[in-house]
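One structure below.
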Amino acid sequence: MRKTMNHVWRIAVAASLCVSVTACSGNSTPSPSGSGDASRGATTSEIRFWDPYPQHAAGSAWDTHVKSCAPAGSTIVRSSAPQTDLFNQLTTAVKEGNPPDIVSLDNPMMPEAAASGLLATAGQAGIDTSGVDENLLGPGIVDGVAYGVPFGSNALGLYYNKAILDQAGIDPASITSWDALNSALEKVVAAGAKGITFSGVTGEEGVFQFLPWFWGAGASLSDLASDEAVSAGQLVSDWVGHGFAPKSVVTDNQSAAYDLFLTGEYAFAENGSWFAAAAAAADFETGVIPIPSKAGGVAPVPTGGEFAVAPVQTTDASDHYANAAAVIACLTSGNAAMVTSETLGYLSARPKTRAEQVAANPVWAPWVASVEGAEGRTTELGAQYVEVSGQLSQAIQGALNAAGDAAAVRTAFTDAAGI
Amino acid sequence: MGARSVRTGASAVEEEMTQLARPGLPVTRRRHSTTWAGIAFAAPLLAYLGLFYAYPLGENIAMSLQRFDRGTFVHGGAPFVGFDIYREVVGDAKFWRVVAQTGSFTLVSIICQYSIGLALAVFFHRGGFRLSTVLRGMFLVPWLLPVIVSGTVWQWMMNPDNGVLNSALGVFGAGPVWWLNSHNALMSVTIANIWLGVPFNLVILYSGLQNIPADLYAAASIDGAGAWQQFWRITMPLLRPVSIITVLLGLVYTLKVVDIIWIMTMGAGTSQTLATWSYGMAFGKGASTVIRYSQASAVGTILLVVALVFGLVYLALQRRGED
Amino acid sequence: MRRPPWKTVIAIILTAIMLFPVYWMINVSFTRRASIRKGDLVPRDFTVEHYAVVLRDQLPHLATSLLIGLGTVALTLLLAAPAAYGLSKLPFPGSRGLAFGLIVAQMVPAVVMSLGFYSIYTRLGILNTVPGLIVADSTIAVPFAVMLLTAFMTGIPREMVEAARIDGASHGRVFWSVVLPLSRNSLITVSLFAFLWSWSDFIFASTLNREGGSLRPITMGIYDYIGAQNQEWGPMMATAVVASIPAAVLLVVAQKYVAAGVTAGAVKD
């Protein structure tokens, strides 16, 4: 109890000092590479594993799979939280010297996490990144150093409701440009169905869904006010204006947009490969086509999915890294790698495993091209991406609210770019 | 029944009322033992406040005076910048717009919650009808729901395409409303927040009404005062201490509301308030996923100062009630 | 005495309006996922599968929430009732400042509080424990409880306290045998809020108890249905329905108590 009080006093004193004296500097300035090396450590009896999949509850296939990767003599304690919360919890845990052994971190967060000194390098933590596709590994490489390995990759595609397209006399294979897509939307709506669902919600999720149109128009993240960028904004804005897309896109996240598609009333849904298995089992027949670019052809989609990383450790670092090395190796190599991808609904980040996956499960076939052509969101801008993504999110919201008004769409993009 | 007779009638109960309405009269002869006993009774609370509030509060202020990012938050070394962060926050293009939105969200919420809560409390307190206890209990059910659920339900009911609210408007011949677009968002989240706050007001005001002796009403009734006069001459004055605290707490809670707004719109468009803005920056959520600890703390501290002002108003009102 | 039926009718209509969102939640909890966004007034695409999922996953979390809620109520009353007595009946120098501090305390954002707690708890080694969460949850209710109880206790006639004192009762005895029984209604009101706030807390639970496994409260259990890109609204709504039941029972019992305390005064009308 005395010890307790001492702690509390010390904290209170420290806090008051912070106010009066200049800065409260901690132990050191950010240093991405601390000490510790997986090869010099030994696995411990308890291994803590954090992931952003709360939907995979205790006892689920994913939970069992992760726990089966515990090295002999160890048990894995797994816990979950949504993406952003997980990143914040990791931040606080590293600050307090109490991070887990392994974290599954969303790929656009990688540059910031690495630059903030939260992650051990792949070398330190004994993580093998060989054989992973360059575009998928990209977000995990900061200043030429790898910080983790992707568990797999997902991608965005255009789901369609076959019955609705048949009725309107549309061949999905013919939808390879914006014009083709727009004329298809016009036809299905004229035939009495609804058009397309997607997520335009504020934040990264809405940006993720917008990027295929943005990149597909030839726009670049370094210039949000370009004509190409505005034309992508105009495309989605017109959908709302013409009644092709529901007005609720301004608040729908990807799950909500998918639920709308599940009603069977909509012809198309822009959504992720994680729904591929569920869509195949829907009440109606569905199919998938790649997202078309403006001029024609397949638009680049952003890479999706999480990286397996080892947080920076301050005490017994080598042992913690040894834990990470063992568990990550188990989850991302050999036969277990395929189980990992299948249970998460991802395509493997290694071409060899991916080919086996497609051979075993035909539902993945339409996604391969999208995954292989995907671009990392942070590849162009690195840690600057989060800032630009926030501006782009404002622009998207402005465009959707404009419901087709061209002047308002342009203003939304120029305002967001700060011009 | 004339106003005169009411006035004279009311004076019959005046004496009893005065005693009740001025309960906090300062003790004229203060004994030392009383003082020490008072401190002894409050001591656990004092220790508790010192332990659990002082540190976060100090930390919050300290953070707003240094420029933190994720890296310096973890490893230290954030530069001390004085009031620079405050200048940036107040100088932000959207600061005053957000202040105005916060003001209108808070005021409209409070006025509606209090008046609806009071009307319901009086209605149920008069009682005398079947099922009154059960129905009053039912009114609290919205409070049992996690806000993630009730917020989502409101979002669905406000769906512009097939939401039940627009269907209901359609019955009355009104056109559909795009509830959650950037322009209407403030109105929509305010409606949901009023709904959320009515039970709180109802419960507190109802228990306040219960503490008003029934014989006061009986006496006034004999004196010929109608329901309306009884309300203004007995209920409102005697309910004053409880009303003040209800409104004050309502203000404080409404100022810091994040969850219902966040779930419905993530603070998009006009629904951004100081609290949601601060929340978004502190957690790196919302439109921008950049984490801004210092700016979030600065906005948080500004909110604290606003609460301080309300606190002063409260003390002044309390003092006036006693003198 | 005649009971006017029109009042009951009005009350039922008002309650129905107030509870419509609750009805909507129940409606969705019985609807298959494929139809939850159709906006049907009744669950046409009926299913009970969400409840099967909830009964499988959520019962331990419900028990944990109940435990935490009751613990929070106890701790809140333990701290707030004596303090309110001191503030209202035994003013001491600085008591006004304390009242003021309570208002400020309620303004500290939960985010800030939770970060402060995290760093204290890590050092004390009480992260992911139920008592730790009870203490944290009590900070939502304690300032409120002190303010409300002070307001109500101020209304207890001074003469009653002084009469007891003259009879030789100690301050402790006056508090226990005179003030507390007279404050029963407000104590119940405060307990109700303390319980409901801890019942609905998410920020503290997600910061301080995230690795608590089945010893996490129901709010965390509900959030388990929010995946990275996929949310299961059916089970979420069903959990909310199931979780409301014990709380509703508690509410009705508490209401009965409050009602019983005042019938003595109320029968006359």
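Per-chain residue numbering starts at 1, and chain names A, B and C are given in the order in which the chains are listed.
In the analysis below, a residue touches a chain if its C-beta (ideal position, glycine included) is under 8 Å from a C-beta of that chain, and two chains touch if they have at least 3 such contacts.
Since we're looking at a predicted model, the values are computed, not measured.
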item: Maximum centroid distance from chain C, chain identifier (CA atoms); value: A
item: Higher-contact pair (C-beta pairs counted), A-B versus B-C; value: B-C
item: Rounded Å distance, chain A centre to chain B centre (Cα mean); value: 38
item: Geometric centre distance via CA averages, chain C-chain B, whole Å; value: 16
item: Per-residue multi-chain contacts in chain A, two or more chains; value: 8, 11, 85, 95
item: For chain C, residues that touch 2 or more chains besides their own; value: 37-38, 115, 120, 223, 226, 233
item: Per-residue multi-chain contacts in chain B, two or more chains; value: 55, 59, 159, 283
item: Sites on chain B touched by chain A in the complex; value: 50-51, 54-55, 58-59, 61-62, 65-66, 69-80, 155, 159-161, 178, 180-183, 264-269, 283-291
item: Chain C - residues contacting chain B, complex; value: 1, 3-5, 7-8, 10-12, 14-15, 18-22, 24-25, 28, 37-39, 41, 78-80, 82-83, 85-93, 95-96, 98-113, 115-117, 120, 135, 139, 142, 144, 146-148, 151-152, 154-158, 171, 175, 185-186, 189, 192-193, 196, 199-200, 202, 218-219, 222-223, 226, 233, 236-237, 240, 243-244, 247-248, 251-252, 255-256, 258-259, 261-262, 265-266, 268-269
item: Chain A-facing residues of chain C, complex; value: 33-38, 57, 115, 118-120, 122-124, 127, 206-207, 210-211, 213-214, 223-233
item: Chain C-facing residues of chain A, complex; value: 4, 7-8, 11, 48, 52-58, 77, 79-83, 85, 89, 92, 95-98, 106, 205, 253-256, 258-260, 262-265, 272, 274-275, 282-283, 306
item: Complex contact set, residues of chain B against chain C; value: 19-20, 23-27, 30, 34-42, 44-46, 48-49, 52-53, 55-57, 59-60, 120, 123-124, 126-133, 135-150, 152-154, 156-157, 159, 162-164, 167, 195, 198, 200, 203-204, 207, 210-211, 213-215, 217-218, 241-242, 245, 248-249, 252-253, 255-256, 259, 275, 278-279, 282-283, 296-297, 300, 303-304, 306-308, 310-312, 314-315
